[in-house]
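Could you have a look at this structure, given as structure tokens, before my questions?
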Amino acid sequence: MIPLSWYLIFAAALFSIGLFGVLARKNAIAILMGIELMLNSVNINLVAFWRYLSPEMITGQVFAIIVFAVAAAEVAVGLALIISVYRRKSTIVAEDIDMLKF
Amino acid sequence: MTPLQIIFLLVAAISLGGAVMVVTRQNLVHAALWLILVLFGVAVTFVLLNAGFLAMAQVVIYIGAIAILMIFTIMLTRKVAKDTDEQLNSNWWGAGIISLLLFGGVILMLFQWQNFQFNLPNLNPSVDPLLQLGEGLVSPNAFLLPFEIASVLLVAALIGAIMVARERK
Amino acid sequence: MLNDWLFIGILLVIAPIVPLAATVIPDFIGPRKPSRLKSQTYECGVETEGETWIQFKVQYYIFTLIFLIFDVELVFLYPWAVAFNQLTLFGVLEGILFILILVAGLVYAWRKGALEWF
Amino acid sequence: MGDPVTLIAKWLEGLLAGWGLAEGPTAVVMNLIGVIMIVVFVMIMDVFLVWVERKVVARFQDRFGPNRLGPFGLIQPIADVIKMLIKENIYPQGIDRFIYNLAPLFGLFPVLLLWAVIPISPTTIGTDINVAVLYLVACGAFISLGIIMAGWASNNKYALLGAFREVAQMISYEIPMVISLLIPVILARSMELNQIIQSQNIWYIVAAPLAALVFLISSIAELGRAPFDIAEGESELIAGFHIEYTGMKFGMFYAGELLHALTVGGIFSSLFLGGWRGIGAMTYPIVGTFWFFIKAYFIYWVIMWVKYSLPRIRIDQMLNLNWKFFTPLSLVLLMVTAVLDKLLTGVPMLIYFGVMLAANILIGWGTVLILRKTRKKEAPRVAEPKPIARPDGAPPIPAITPATTSQS
């Protein structure tokens, strides 16, 4: 049987890689991809804890579902913002989007 | 090593390799395709955790909708997302150090925790998690409120995204 | 329960082999005479112009966006549908309320003209 | 109990156990044999489908179809396969080589994945997972992925445009499809296809005819067949996303589409037409296979009939039809079905199905009324004279009055 620790280490590694993507990538879409990786690692943790610690309650799965909804909402609004910024500034490089910096 | 463990290690290795490709590829469409591989790996992990419904939801929502939306956006903003440009910013080594530190810290903390090597409890075969889920989502003393609020959140996101992305006539 | 998925796991390995074999075999038994003219992009015989990855209508994106929101919400309704026997009328009405919120989103998109192609 | 499939499976299991194999490896070997049998069976049928398709089209169009090679041209598809296998693999310039080669795999193998959960007879089913209906939707995601990969990697504007259109269409029509799939799930209280079939003492097409119709039409759109073939409209995009593919790589897309059409027939018959249910299927499960394929091929024939009878529609019409007609209609259907189902708990089956049918007829009637009303509003707008390119001095075109057009 797979011990719980394996899932946790897997999720931690995925989260760290996602964080690297968020911090190091220039392109705004690539940053969103990093966020997706991080959300997925959270989901692995939630479901693993549900399976190992409280399989008789459904809380972990419901949490994962809420994370799905949040991820979908985040991607929808995030990508819409990227499209909008692209139309005004014709760039989606995160460093160049500094209209608020005065 | 049981076969299940080997399958898990294989899936985890492929997913992590794919994740590294996602954050390093220059070509964004390739990065998106690697992202799909990672998402699929996570779906397989859900299956290994006996969460079949979540695995299917993962494929339908993430691969079928979110990844496709991302590829569309990449193609819409194609003019600046050239494959030849440097895709990592100048502080990428700092980001790498932070990520490594975070990973090390989390692992350290996890090893302090005594439940870390927790082994798998048996599922009660008479309880179907899917039925439980369906019931829990609409019963007032379980998760009715989060469920409805998730719906409101999604509609709000829809309205907001349409407002932002629409072309002004 | 995991045994149910064994079949799909094996199929996931076997199924790609069929198209893979079918597309690789011609590399070995078929002729191979590449020429510059043959490998040109085919656009009705007209020479291709400019970059291929041109920008497309934003409307494709809008429809995908609406699809994403709907898809997420509808997937959540499946457990509700499976658990129908256990639900009270109140539980069913809660599901209906969930759908109605979704309908509100659709009506909004419709009124705002997001569903128009032109 | 007289079922060869179960008998052979039992015999094999005993044989493997006799060789000293443990329970785990036995399960793996049994599943492997099952997978190979399904894949081989489905692929042979796929080759045969090429013949069926061409022959039926020919009959629709008053031709003979393939009739030279073998009796009734039956050997023609095999010749086609050999021809495609010995064709050159052409790599157009500027392609993204890895994705270009990967995309044809995604044209076929998701369709093979679909067959894992479709019950061919009461005892012959790949696996009976408890989320089978969602699994069917999930496999569709991979098909659209293959299309977008093909379009992107081909380095061709037509291919990319075709892929965009096809994916926009596939994902749009996934919404009514997902909703109409929910209705049999509500009626059967299960996502297992075998469970759904077993609870169809009366076919679900009686209780949910409109949902069945919506599912069929959105499936045709998902297939990308006429009248929803804007993605490969040969008069504008030549072939759409697979324009740059030749030989067997094109063949994979073609085979995938044909097989998907039959698979849709199988899914439809399982959900709405009782699948393998029929005379004698309960006592002799092998008879169920016969019934299943009769129904699946009937739906496949309907899909072909639609394809070769209707003209192609425009993309805006296609999207309007989906978002402004099918989606609201299927949402109303879902809500009415859910409430009625709960209110009718415990009533006899005949009354239950009768009320459901009546509700469907009422909704259908209301829909027709609303459509009539909107058409009266739309007709004058559509019939306004459009500017037409004409030579100078040509006589003016008589204006079309709204009254004459709205009668047609």
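As written, the chains take the letters A, B, C and D, and residue 1 is the first residue of each chain.
Going forward, a residue touches a chain if its C-beta (ideal position, glycine included) is under 8 Å from a C-beta of that chain, and two chains touch if they have at least 3 such contacts.
Note that the coordinates shown come from a computational prediction; the quantities given were computed from them, not determined experimentally.
Asker: Hey, how far apart are subunit C and subunit D in touch steps, shortest way?
Answerer: The fewest steps needed to get from subunit C to subunit D is 1.
Asker: Considering A-B alongside B-D, which chain pair is linked by more C-beta pairs in contact?
Answerer: A-B
Asker: Give me the ID of the chain with the smallest distance between its Cα centroid and the all-protein Cα centroid.
Answerer: Measuring from the global C-alpha mean, the nearest chain centre belongs to C.
Asker: Between subunit B and subunit D, what's the gap in Å when you average each chain's C-alpha atoms?
Answerer: Roughly 29 Å separates the two chain centres.
Asker: Take the average of all CA coordinates in subunit A, do the same for subunit B, and state the distance between these two points in whole angstrom.
Answerer: Here the centre of subunit B sits 6 Å away from the centre of subunit A.
Asker: Averaging over Cα atoms per chain, report the distance between subunit A and subunit D in Å.
Answerer: 34
Asker: Using Cα averages as centroids, what's the distance between subunit A and subunit C in whole Å?
Answerer: Spacing between the chain centres: roughly 21 Å.
Asker: Where does subunit A touch two or more other chains at once, residue-wise?
Answerer: Counting only residues that touch two or more other chains, subunit A contributes 65, 68-69, 72-73, 75-76, 79-80, 83.
Asker: Which residues does subunit C have that touch at least 2 chains other than itself?
Answerer: 4-5, 53-54, 56, 58, 60-61, 64-69, 71-72, 75-76, 78, 81-84, 87, 92, 95, 102
Asker: Provide the list of subunit B residues touching at least two other chains, using ranges where the numbers run on.
Answerer: If we look for residues of subunit B contacting two or more partner chains, we find 4, 48, 50, 52-53, 56-57, 60-61, 64-66, 68-69, 72-73, 75-76, 79, 123, 130, 132-133, 137, 147, 150, 154, 157-158, 161-162, 165, 167.
Asker: For this structure, enumerate the chain pairs that meet the touch criterion.
Answerer: Inter-chain contacts occur between A-B, A-C, B-C, B-D, C-D.
Asker: Name, in rising order, each residue of subunit B that touches subunit D in their complex.
Answerer: Against subunit D, the touching part of subunit B is residues 3, 29-30, 33, 36, 52-53, 55-57, 59-60, 63-65, 67-68, 71-72, 75, 128, 130.
Asker: So in the complex, the part of subunit D that touches subunit C is made up of which residues?
Answerer: Listed in rising order, the residues of subunit D that touch subunit C are 27-28, 31-32, 34-36, 38-39, 43, 84-94, 101, 104-105, 107-109, 112-113, 116, 126-131, 133-135, 152, 155-158, 160-161, 164, 167-168, 171-172, 174-175, 178-179, 182, 185-186, 189-191, 238, 243-244, 247-249, 251-252, 315-316, 319-320, 323-324, 327-328, 331, 334-335, 338-339, 341-343.
Asker: In the complex formed with subunit B, which residues of subunit C make contact?
Answerer: Checking each residue of subunit C against subunit B gives 1-2, 4-5, 9, 53-56, 58, 60-62, 64-69, 71-73, 75-76, 78-84, 86-87, 90-92, 94-95, 97-98, 101-102, 104-105, 108-109, 112-114.
Asker: Show which residues of subunit C lie in contact with subunit A when the two form their complex.
Answerer: 58, 61, 65, 68-69, 72, 75-76
Asker: For the complex, which residues does subunit A have touching subunit C?
Answerer: Residue list for subunit A touching subunit C: 65, 68-69, 72-73, 75-76, 79-80, 83.
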